[in-house]
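In order of appearance the chains are A, B and C, and numbering begins at 1 in each one.
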Amino acid sequence: MVVTATVALLAAATASMILGAVHVPFSDIWQSLTGQAEEGPLRQIVVELRLPRTVSAIVVGAALGVAGALLQGALANPLASPDVIGVTGGAGFGAMLTLLVWPSAIALLPVGALVFGVTAAGIVFLIGWSGAHAGAIGRVILAGIAITALFSAATTSLMVAYSDRVQSAIFWIAGGLSSDGWSSLSVVWPYFSVGFVMAIFLARPLDRLALGDDVAASLGGRPRLVRLAAAAAAALLASSAAAIAGLLGFLGLVIPHLVRLAGGTASHRFVIPASALTGAALLVAADTLARVVLAPIELPVGPLMVVLGVPLFLWLLREAV
Amino acid sequence: MSEARLVATDVHVKIGDTPILHGASMSVHAGELLAVVGPNGAGKSTLSRAVSGLQAMEQGDVRWGGTPLGELKGRKIARLRAFVPQRAPVPAGVTVREAVELGRSPHIKAFQRPTRHDHDAVDQAMERTNTYEFADRRLTTLSGGELQRVQIAVGLAQEAPVLIADEPTSHLDLGATAIVARLLRRLADDGLSVILVVHDLALAAAIADTVVVMAAGKTAATGKPAEVLTPERLSDVWRVDAELDDAGALRVNWLGR
Amino acid sequence: MGPMNRLVVAVFLALLLFAAPAQAAPRVAALTPFSASTITRLGVRPVVVGQTLGGTDQYLASLKGVPVLTLTHPLGPNMEQLATYNPSIVLSSKTWQRGSAPMRRLGMKVYESDPTSVAAVGRETRAIGKLLGRTRAANSLATKIENDVRAAQQGIKRRLRVLLILGVGRTPYAMLANSWGGDVVAKAGGQLLTNGLTAPSGIVRISDEIVVQRNPDIIIAVPHGNPGAISKLAKYYASNPNWRNTKAVKNKRVYVATGNQLLQPYPGVAATIRSVRAKFLKNY
């Protein structure tokens, strides 16, 4: 499974580098990447457009896959995705605020999405980890649903209030990677890194949660802390992903399932890295298709990814009995 | 008798604003099977959770091998006691072996691979609980009795000297209950300290070395089954007409006639 | 007074009576700046107008004092508010399509008027005139607009390659030839970088690679923004690293369009064409 995912990712990344609206001969791509090419449009296309975009797709896809795996493990709920802890609602609101209310501050859009995504998750955690049943799964999920509803309502209100500008908002909601070079990635990479590093450390503690909080505590773990840490890492990853690529919730929900079905195990030491690989492969493949199918028009990658991912998922679901 | 592995004195617990325990005590030694009995709501489970460190105490003194519970965090307490909960979730996609392997986690540092000893401990835990034969089956395919033995195997893999089991038989049929009962007795005979929280008095009387009777949040009595489960106490605490016969079996006058 | 005279007077009075309703202006709600300006020029003062995009653009000075309706998705105006003005005709647009049925149920005649090309302005003007019973006035207005447009296109010297984008970040959401703005720029002598591309919405995201390859001489961004932020936005677009090597950036020809003239149709399109030529294309 890990080998398949790695091969798929490599293939997708290669395709992403080779294919595009402009035909670039393979030798030029190779020379550009190895630094032998002369300055010119082809080199710029390869080095400044395709390469950062491919890397962004890998990072975002991996982040969403890992975020989903972390949340589904932490909340012991197969339906958990970054939507559940308010990230999607918050990030969407942050982006709409920039796009609709302060369009002249458009440069701040990734920051808006990131800040509000993390804020929404923060509120959910604050509510979820307080009171009598602090950190209980039901409490966290309910808080998440309430906060998501709140931010969605705020987003809808914005869209109604600024209905003449909604067109620009729709593009963002559809989700997609931009070719803005390294600029977005250079802003959010620390958050990605923290999220990924946390995920690595959380794999074993999350496995212990599988048999319930009592067993986890019996084994010397701190289930509520683990759950909070996993949810926080997922919030960071998903918010950062939204900052770069808009709302691609589907990845976070489906990738971990896909990985578990294909891999035949639910151990997080397998599911987390495999989700990273698979998420990255699927997003890179979908983004390449989005750029190529109707070139030079670029399709929104969100819907396209669903079109790619759902049949694969349904097939696995059938195979798994 | 050897030094007690666990001594808990005057434990008080509140959940929310509701006092659950106000003055519960117990101690357990090597090779001892201690049954905590009492009517529903007496605080049996809460006591077992409190001494395990799973439930915060309001006051009281709990010492494991002489060390106060407050100083035993994480891996340290996990190496001293294993707690088998009453009803654990059954995760999809997890095999018996994977579950039992989790029991080794207090002994494996982050990013370390399990050693030969870890593998041996897992195998041994499965052998002792008779779960080895279905080691590669998924938890979701097991019967209630099999599942309960796997839960105990997880605790055994922990290799802690004290095993605390909270109502391990409450959902099992008679046959499965007997298997678990024999298993726990055998473990105690092998030197493990077993704390068994159970509402089944007949079972407790039959297999326990010591019985702790809980009533209304307090320990009402502690001692050998025959000394503690007197007709008067059974009548006081459970409001039934019952007694232990000469063979140690519980006779109950079910219809009060 | 002889009987003949009486008859003449009677016929005259009758004519006046019958003719009066035909002459009286219909009560028209004009939801778009295009329809509001058009009917004003046809001598019909709207009873109510819709707010302009972003609420920032000014209507004709002569429309001062006409009440303004807030428009929101998906219906457009609030039906109760609209009903209080009791319009018999609503000049709406495709954007507020879902509001048309409720308006018709309120007994209003609805016409969705939304020219997305310069050529459609004359056509739509005539259609609105017919609807209001101002056919002749509309014909002459349309002809005048068409003549003005032709005049505004005189003397185009060079056809430079233009990338016209909707100002949503630096991602190139290109306005195509079948969008209002795209057509205006094309008529003003710009050669759209997107060339033959069309899409139902008229706006589509295109590949940055194509922008690099086709190397536009001029980049015009049409933002939804306040006029005050224009210079800031211009700097933001000009510093897009992907456009670094384009002739537009090198020759400092990255522009930000103010106002909504490139976003939605106006009868004064000839003036818009002249202004695009003068400010952006500089092709006189």
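Structure notes:
Simple rule for what comes next: a residue touches a chain if its C-beta (ideal position, glycine included) is under 8 Å from a C-beta of that chain, and two chains touch if they have at least 3 such contacts.
Please read these numbers as outputs of a predicted model, since none were measured by experiment.
Nearest to the overall CA centre, using the mean of each chain's CA atoms, is chain A.
Ranked by distance of CA centroids from chain C, the top chain is B.
No other pair of chains shares as many C-beta contacts as A-C.
Separating the CA-averaged centres of chain A and chain B is a span of 43 Å.
Inter-chain spacing, taken between the CA centroids of chain A and chain C, is 40 Å. Chain C has its Cα centroid 79 Å from the Cα centroid of chain B. Chain C meets chain A in the complex at residues 53-54, 71-73, 166-171, 173, 194, 197, 199, 201, 203-210, 212-213, 215, 223-226, 228-229, 232-233, 236, 240-242, 244-245.
Against chain A, in their complex, chain B makes its touches with residues 16, 49, 52-54, 73-79, 81-85, 88-89, 91-95, 98-99, 102-103, 105-106, 108, 110, 151, 154-155, 158. On the side of chain A, the complex with chain C involves touching residues 20-22, 41, 44-45, 48-50, 99, 103-104, 106-107, 109, 159-168, 171-172, 176, 178-181, 183, 291, 295-300.
The residues of chain A lying in touch with chain B in their complex are 76, 78, 132, 201, 204, 207-208, 210-212, 214-215, 217-222, 260, 264-267.
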